[in-house]
Each structure stands twice: as C-alpha cells, then as structure tokens.
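First subunit A sits with subunit B, and in the next complex the same chain sits with subunit C.
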Partner chain A sequence: MSAALLEVRDLRVELKRGKQQLTALDGISFAIAPGEVLGVVGESGAGKSLTGAAIIDLLVPPLKRTGGEIVLSGRHLDALSREDMRKVRGRRIGFIAQDPMTSLNPVLTIGQQLVDTIVTHLPVSKEEARQRAVRWIARVGLSDPARRLDQYPHQLSGGMRQRVVIALALCAEPELVIADEPTTALDVSVQAHVLQVLRDLHEETGVAVMLITHDLGVIAKMADRVAVLYAGRVAEIGPTSEVLRTPRHPYTSGLMRATVAPGLDRKALDPIPGSMPNLSSIPPGCAFNPRCARATAECRSQRPPLVDYRDGAGKHACFHPLEDGR
Partner chain B sequence: MLAYASGRLVQTVLVLVIISFIGFLLVSNLGDPLASLLTADSTAADRAAMIKALHLDEPITTRFLSFFGGLLQGDFGISYRSHEPVAKLIAERLPATVELALASLFITLLVAVPAGVHCGVHPRSALAKAIMFGSIAGVTLPNFVVGIALIGIFSVKLGWLPSFGRGQVVDLGFWRTGLLTASGLKAIILPAIALSTFQVALVIRLIRTQLMEVGLSDHVRFARARGLTDNRIWYVYALRNTLLPVVTMLGLQLGNIIAFSVVTENVFAWPGLGSLFLQSIQAADMPVISIYLILIGAMFMVINLFVELSYPLIDPRVLRRKA
Partner chain C sequence: MSAADMLVVDGVSKVFAGEAGFVGKLLGRSGVGTRAVDEVSLTIRRGEMFGLVGESGCGKSTLARMIAGLTPPTQGQIALTGVSGHKPRLQMIFQDPFSSLNGRWTVGRIVAEPIRVHGLREGKAVEARVHELLEHVGLSAADAYKYPQEFSGGQRQRISIARALAGEPDFLVLDEPTSALDVSVQAQILKLLDTLQSELHLTSLFITHNLSIVRLMTDRLAVMYLGRIVEEGPTEQLFRSPRHPYTRLLMDAAPDLDTEDRSLHPIPGDLPKPGTPMPGCRFANRCPRAADLCKAQEPAMTAGEGGERFRCHFPLD
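Up next, the complex of A and B:
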C-alpha cells in the first residue's frame, strides 16, 4: 500500500465533555489509491463526517485530533503548520460540503467565490481565473455559464448550488476530494444528476474521491471500495462488490438487510435491533456486541483487531465473521 | 433596484413633510413672537404691521404652506433672539458640527472594525479580553467625562492639543472648514475622540457578536475547506455578512452625533449646532429651535435613506425580500 494517495493510520479524535474525555474516532485506518473512489458508510454518528473533517483539519472544538497519522503522497499532514495545512485544503484535498443551501456565501457572487479559490491556490491572473471559473461552471453542467458567474447563490436552485459547490471543491485541481454526504440535502430526482456530475468529473480529471454517505445505493453505484464505520471504528473495509455481496461483519450485513431497496417486499426489511451507543457509553470489547446475534464472551471483553481476509483485498474487525454473507 | 430606491425616496419625503408640520406647530403655538420681536415702546400700529408681516392673521393651512414653501427656498424665518435670519445662524454653525461628526465616524471605523474583527475571530485571546473590558468603559463613561479626561491629559498635562475651539478655518464660500489647516486638524482630534468612544465600543461589540455567529456558519467552514486565507475569510467572506446591522447602527449613530453632540460641544467650546441649540432653548427662540429640529429630522432621514439604499449593495437578497 505504499502507492496510496492518502493513508490514514490509527486516527483518534476525542472531545472533552465536562470532565469526561470521550473518544469520537477510535483508531480509524484506511487508504485511498490515486483515482480511486472510497465509499464511507455508517449510521448517523458513526464518525463518517468527522473522519473527513479530521483529515483536512476542520474539526470544530471541542473535537480534537489526539493521535494517528495522515499521509498524503508521502507527506505527513498531521505534522503541518496551520498555514501549510491551509495550502493543502482546496489545492491538494478538495471538500464538497453537505448542504448547498448554506454552504455558499450569500453575499458574494458565484464568480467571486470561484475566482477567489482559484487565485488562492494557482499562479494565474484574475482574468485567467475568471475564464477557468466559466469552464468549471460549464463542466458541472450549468447552462449559460458566463452569466452564472454574476449571479448570487439565492438565484440558483438547490441542485444548481450543489453543482457550484462541486465546482468550488475541484477548481484548484486537487488529487483527492472528500464528498461529505453530497446528496443528502437534495431531492431524490436531483441526487442522481449531482452524482452523475461527480462521477463524470472523477473520470475526466482522475481525482480520487472519499465519498461519505449513509446510502448504500450510492455506494453501490459510485464506489470502488467501501469502508463501514461503526461507533468511531472501522468495522469492515474492502472492494464494494465483495463487501456488499458477501459482508463479513455482522454490522455490514445488518445494514444491508435494513436498507430499503426497490423490488424487495415489506418482510425483507429487517432493522438492526437497538441503536448505536452514545460516545459516553461505548461497551467494552467490540462496540457492536450488544446488538449482535453472534456475540460471545470474547466479543464483550476484547476489541477485535482489523484483520485481512482474502489475501488482504479486504479487512474486517470481527471474531466471528460471516462466511457467506448471512 | 429602481422600484426599491424610489419607494425609499417617497417614504423619506413623506416623513420630511410630517416633521416640517410638527416644527411649524411648535413655532405657531409656543411662545409669543410679538412679545419677542416688538420693543417696549412700539405702538398698536407697529403691532398690526408686525402681525401682517408675519402673516399671523391668516388661517393655519395657509401659514403652513407659506412656511413650508419658505423651507424649500431656504427661508427659515427670523430668530426671536438675535433678529437674524435662522438660515444664516445655522449655516454658520452647521459645518463645525458636521465635520466633528464625520471625524468621529472616521475614528470609529478606523478603530472599531479591526478591533471588532479581532474580538470576533479570537474571542478568547488576551487582547480580545482587554478590548472587551475597555469597551465596557467606553459604553458606560459619559462623553463629557471622557472629554474632560482627554483635556486633562493631552491639553493640560502634555500640552499637545488645544482644549477648545475649532482652530483656524478656511472659507470655501459655501462651507467653512477647519480640516484644511494644521490648527483646525489639531483642534478636532480631542472632541472627535471624545464623541467616538461610545460608538467605538458599540461597534466593536456588534461586530464581535455578529462575527462569532457567522464564524460558525456553513459557508465560512466551506471557505476554510477551500483553503482561503484567514484574512480573506474574515474580512471579506464573514465581515460582508455582518454589515447590514453594522451599517444600520452607524447610520443611526451618525444622526445621533450630529443631533446630540451638545454636551461634547460644550466641553470643548466647539462652535457647532449644539451650542446654538442650547442658547436658543434658554432664550425660548422658537424659530431656531423648530428649524433645528426639522433639520436634524431631515438629516436622520437622509442618512437613513443612504443606509437603506446601501442594503442591496451589501446583501443582494434584500431586493428579493421586498419584491
């Protein structure tokens, strides 16, 4: 895995609540190869968005990264100064924000926001940046791009704004883009268009994507590999087709069975019993053990390590993995 | 934009007419112009002539119309006290007050914007805490106390700056300015600072609160995720979003400074409108008082008009909300 574009090792994020020190991310490890799409799934609160924010150092206090390594093309991001980290954001790692309705500055034009981002990172003139901005607007599929530059966010619809957000994330030509639930805030009919734009740009530019979502359907369509998070830990990671067809971790399998998919009758819907624990009450051993039918005494006392299966194509953290995905 | 601007303009004119009417009622109902203007030895014929000259025998509507027509032509009536035209009295004093107000506004912006941004961006830094502590003093200390303290330090102890008057003025024909001479500039510093202390404290607090809120917004977070520099984020991306309330408040405060700089003008013996107003009240000089009130009302309205016209430039969503 030395050829990885981004490598995250043993990432820890903690927060202080009162006198309690709580662990939000507990030893997250994964890697993204150049040009790859890594899906990151899990329930709300599993730590998906936190992982993304921790990588680009955008954690909001009291959340704090307290350990682990983040390496981008051989460069340790975890040791960078504030100013050096700023230069990485946007230029090396783009970020697609979740809610297009609130993520664009309401009092600046689309063009100003694009041009600002471009000239911050690339050695081009304002005029050149403006021309690039026009091209980016066209690339994300908005009509009449030259006129769009002078419009304000409130003059665009939600789907159009999310396209602008994507253009903003990619306009300084990063090698990796972190897409934090890019379609969650959109209407279903618009979601497909926005995903298509993201996919087209991924194919055109070769940018690697870390796609954070709770939607397994989106993962199935977009991701080469998928990481399943649970309670701030990686439950399972591997090639998407492999993980979705024959999940090893009981949690992944539970997620699959709880997913609403067209063509399934009502009986097939099978929610996972219980709910994900609070940060303050993560059980000892495997975090999933209270909800797991296969849990044993070992699961309740020891935390299962992330181990390889199938010659390292994938990894899971389970003492009693499923063999046939059931 | 045009509809928005003309809407504001019509509103402003309407309010101005109403203010004029109230001013007119003051002159026509308070005090006795004849007692003030006629001398002790004047005859009944003099009296009748004076009534005729002042149109006191005509119905109230006619008198208001001629009063209002006079206002439009710059005929503001005659002072009961000095028997001079009110227009002349005001024209002599207005430049001093306006210059003082603008100078204090300038100081306010110069000090309060960077200080407010610093406090909003680093609310927990030692400097921010010191600024906030100082701003409590700024809000609570009355202007005249600040003025006296400034005189005590910079005029009496150090002798750097004059403690009273306007220094030398230059007559531009329509305006007598103290801003073009060294002594005039020196003279305006202390009163302008004294007058601005309250504003500075208020604006710092306003910007700080607004910025702290905007700093948590998604769009600032996204701007940071794109690697924009801190200066760009705070001074352009965040500050722009706090300007509506700040500009509104600055407009009101500018009106306030012009209207009620009375106390500060007195402390520094500044020859402005404030001291004229005080003298007129003592002499029950109704024409001057009412014209002063109308003028102040007009200034408030005009400043407010400009403030409202600036809204769409600051935040384009204003136009949509109105439409």
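Up next, the complex of A and C:
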C-alpha cells in the first residue's frame, strides 16, 4: 500500500515494571489512506490510546516505543528528533483528546489559543489568523463566533469545549487527525452533535481521521474501516460494514454480542466470559484463547499471524475464523 | 397506596444553595436556588425493576440519593414499605467500583458489614453467608481473604453487589452500576443483575443515562429532564410509542450498529444553564414541536391509554 497516508508497521511499546519487561503494544500494523476514517476499537487495556500516543510520540514514561515503523506520507516519523516531531504534531497530525480540558489552556481565551496554533504552524499574519479563528469557530457550529473568541474555556459547556478542541486540531490544516474517545465524556444528545461536526469537517477538508473509541455504535456510523485491538495486538481489520456484519475474529463477534445497542433483545445479550488480561499475564499463543469457545491446542501455543481475507479487503489474526459472523 | 406499592415518592423537590445569605436573611429575603429535582412523584411496585433515565444534570442521581436517605428532600415525602413487618432495608450500588470499596478491608469484611449492622446472622454463620454470597455473584469463597485492589473493575462491581445483597434489602438502588465498565464486562454484570432480580424477587431502581440498558433491564421507566419527570410508563410501551418528543429524540440520538444507515440524530440546541427561569415546558427551547403555548405554560402530567404519563401539550401519537 504505497498510497497510504499513514503506515504503521509492527509497532512495539514496552514498559519496565520492577525487573519485568512488559509489552503494551505487540506488533501493531495498519495503514490509513488519505481522507479515510479508520476506527480503532477495543476495551480498556487493548492498546488503542497507546497506539495513538505512540504515533505522535506522546508516550508517558515508563512507556517506550521499542520497535516498528511509523511513516506519514513517505516520511519516517519514528526517526525524527524531538524538535522535528514537535513540528509534525499540530501541523501534520492534529489531536483530539477525550477530556477537552486536557487540550485547552484554562487561562487563555479561545481566540488566543486558536490564533497561537495557526501562526505557529502556518505562514499567516496575526490578523489573518484571527479571521481564520472566527471562521473555525463558526465551522464547528458555535453561535456568535466573534464574541466566542474572547471567552475562556470555563464559560463553555462540555460539548462546546469539545467543538473548540476540534477547531484547534484542524486549524493548522493537518492531513490526519487522531481523535481519542472524542465523545466518551459527553451526554448522548451532545455526542451526536460532536460526531456530526467531525463528520462535516472531515467531508469538507478531506482530513483523514484515526477515531479511537470503545463504542461500536460510533464505529458503525463514522468509520470507513475498523481495526479491532485486543491485548496490544490487531485482532481484525477491514471495511466497517464487512467487519460488523460478518466478523471473522471471535473477539469481534463476542464484542458485538456483548454490546448493549439500541433495539437489542434482552435474551440476545451474550457476555464474553472473563476479562482482558493484565500486561503481566498475557497468555501464550493467541491472547484471546482463554476466553474463546473455538480455541484449540494450536491457539494456546502459537500466535496467529494477521492474514488476508477476501483478497486483502480485510485481515484477521485467528486460526479458526468465523465463516458467517456467528 | 396499594399493597403492591413499595416505594412512593410524592411531590419531592431538592433545592441546592437555596438558603439566603446572612445579610439576605436579615433583610427578610428568601433564597433562590437551583431546583435539581422539582416536584417529582413516582411509585415503584414490589418486584419490579424501575428505570430512571436522563442526561447529566437532570437530577436523577439527586433523586436516588434522596430515596436512599443520603440527603433530605427540601419538599415532599418519600415512603418505603418493608416486607414482613421489619423496618425497610435499602442498599445501593454505585457507579465507581474503585472508590466505593474500602481498600483497607478484606472483601470478607466488606461483605460481612451489612450482615453485622442489620444483625442478620451471628458468629460462624456470618462467614458462611459471606462465602455463599460471593459464590452467588460469580466469585469464590477464597476471594473473601483478598483485598479489593486485587480485583478488576468488573469483579469489584460483583463485590459491591454481594455487599448490597448481604443486607437482604427490600429495595435496591443501582446508580449507573455498569457505566464505568468495559463492554464485555458490562454485559456480564447486567446478566448477573437480571438473574438476581428474578431469583431473589428484588425491587429496584436502576439509574442510567443509557436508554438501551434501560430497555434491556427494566419493567417500567421514567425519563427526567431538568429536574422534572417528562414521561413515565411501561418500558416496552415507551420504546414502541414514546409520547414526549424528548424521549423520542433521546432514543434516536444513541448510534446503533447499523452500517447501512449512517445518519446521526443530534438533539437540537443545548441544555439551558441551571437556574434559567422557564415559565413553560422546560424542553420548549429545543423541541421541534414547540409552539407559543409551550413557552408560556408548563404542561401538566397527563395519563395516556397504555399506562403512560407525560408532560406535553403536543404529544406524539
């Protein structure tokens, strides 16, 4: 896939705890095409947020990238200096965090933050930046944009703050935006608003989106393709409609049957037994094998590689993939 | 009040910061506070699981805390009837399984506490009962000798459930019991609660912001908006034909798993700031059906034909 905007190959993230060397991301590989929305889904501990943080070099010690390649438009991000990486963040890759207050400075006005971001990354005057800031506020759907510029984050509701964060992430015109659970902290009615804003701007600007979420409903509505992570590995990746309609990996199918989605029948709710393993106790072979009804001796001893299905439309890491999605 | 009614909430309000300041008091002013819960009345029947749903700030947790006796109502009455003569016992399960268990106590001591407090067992029988409860919620007797920190979020919520059952409650309040849990673990806990509800003939109040969970779990439900119940009725009835526009919009706002229809359905507008005076219907400024009447006059609670009640001048069919 030479046309990829972002290519992540065999990404490894490890940490040292006491004398133990623990693996948090164990060979994650995927690609994002220009203008594509890739959903990254999994439960806590699957490594989805870490993958996002590793790409923009924002891992918090003791977490450390210990292997793999990250290539953005042909340029190796994994080899960049700290200083060069700082120029990539914001300018080439925008970031939207779950809690808008981690991205917003509480003592600066909305306008100052937008103008600062724009003049830092783009060759425009302060005056031009201010005009652009007003336009961005309008584009994310806030009323009375000129007045908003002089407001502080605490004067806005949670949903409005997240829309400002989206404006901040996009105002330097990046090619890719990484959105890490952008609507998880929001109420249902506000969540749909923020997703709509994200979708509209994606369509207008053509920015590619890496959308990290635990919510399969968000994936179903937003993502062109989806990567399902489990215990720091890719379990399955492919077109969203394909993966959600006929999941190949038993974990994907289990996750769907455990999801309390609108219209689900009481009897249809079917939990996956057990829980995601701790980093210190990831089982040998396939990490999902202790919770999997289809596991065999092979699954307990060997790690299944990520293999193509349907001529490369998707990939799964399972020795005994499901045929009909059940 | 009929014999089947276990909990009766009658015209209950909670006003926060309602006290006038010192100078205000001297000048004879009365306080103007935020009415977090505003004249709420509802009845929960013996053996049912009743859902209370709404977005953050709607007052659902404040109402739960008043029902649990953790905070007194500013106005109105709450009456809980016990079974077989004893004083009614109530237990509560909280959202966060990390902060609701004492990390310095063993799981056994945590689960034994309500047994001792209510004097339900004595001596050796307490330990036996603790082991039985732990097994009942899917843990093992050996877990009694461990500390909460040794357990995952889902297992901790099982400990919370065992502790609540240990008090042999007549009434159980579940405040977002699965909101902090992962998808696969959430399903496990919901299954467990569903099984316990029918096995032990519990009566419970299930509070959540998640309508899909309410539909799955409850027999009847009430929808709250800005301190008011806007609609109430049998769960299936409400989902099949909601009468209040807010209920309908809330149902549509949550994304389903359909990848063919990718439309999103945001509820227009924003939640008004608390304390904003609203002479009419509180949802009027966001409601697609609102007319002048809605902004001027608050609709009264009206009874429908399927056992539902709603507050709307122009209800859906």
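Quick note on the criterion: the second predicted complex is superposed on the first by the 324 of 326 C-alpha atoms of A that agree within 3 Å, B and C clash if a C-alpha of one lies under 4 Å from a C-alpha of the other, contacts with A are read in each partner's own complex, and residues count from 1 in each chain.
The rule we apply is simple: contacts are C-beta pairs under 8 Å (C-beta built on N, C-alpha and C of every residue); 3 or more make two chains touch, one makes a residue touch a chain.
What you are looking at is a predicted structure, and each value in this text was computed from that prediction instead of being measured.
Novice: Overlay done on subunit A, so just call it for subunit B and subunit C: clash or fit.
Specialist: Aligned through their shared chain, the two binders fit side by side on subunit A.
Novice: So, A:A172: does it touch subunit B (first), subunit C (second), both, or neither?
Specialist: first
Novice: Rounding in steps of 10 degrees, give the angle subunit B-subunit A-subunit C taken between C-alpha centres.
Specialist: 80
Novice: Touch test for A:A192: subunit B only (first), subunit C only (second), both, or neither?
Specialist: second
Novice: Using the superposition described at the top, determine whether subunit B or subunit C touches more residues of subunit A.
Specialist: C
Novice: In the overlaid three-chain picture, which partner chain does A:R12 touch, first (subunit B) or second (subunit C), both, or neither?
Specialist: A:R12 contacts neither subunit B nor subunit C.
Novice: If we overlay the two complexes on their shared chain A, which of subunit B and subunit C does A:R300 touch? Say first, second, both or neither.
Specialist: neither
Novice: On the A-aligned overlay, A:G217 touches which partner chain: subunit B = first, subunit C = second, or both, or neither?
Specialist: It touches subunit C, and subunit B stays clear.
Novice: Which holds for A:A97: it touches subunit B only (first), subunit C only (second), both, or neither?
Specialist: Once the two structures are laid over each other on A, A:A97 reaches subunit B alone.
Novice: With both complexes overlaid on chain A, what's the closest CA-to-CA approach of subunit B to subunit C, in Å?
Specialist: 13
Novice: By the touch definition above, which subunit A residues appear in both interfaces, subunit B in one complex and subunit C in the other?
Specialist: none
Novice: Under the touch definition given earlier, write down the residues of subunit A that touch subunit B in their complex.
Specialist: 56, 58, 60, 86-91, 94-95, 97-99, 102-108, 113, 116-117, 120-121, 152, 154, 165, 168-169, 172
Novice: Please give the residue numbers of subunit A that touch subunit C in the complex, ascending.
Specialist: 43-44, 157, 159-160, 187-193, 195-196, 199, 214-218, 220-222, 240-241, 244-245, 254-264, 266, 269-273, 275-276
Novice: Please give the residue numbers of subunit B that touch subunit A in the complex, ascending.
Specialist: By the definition above, subunit B touches subunit A via 216-219, 221-230, 232, 236-237, 240-241, 314-317, 320.
Novice: Considering the complex alone, what residue numbers of subunit C touch subunit A?
Specialist: 55-56, 152, 154-155, 182-188, 190-191, 194, 209-213, 215-217, 249-251, 253-260, 262-267, 270-271
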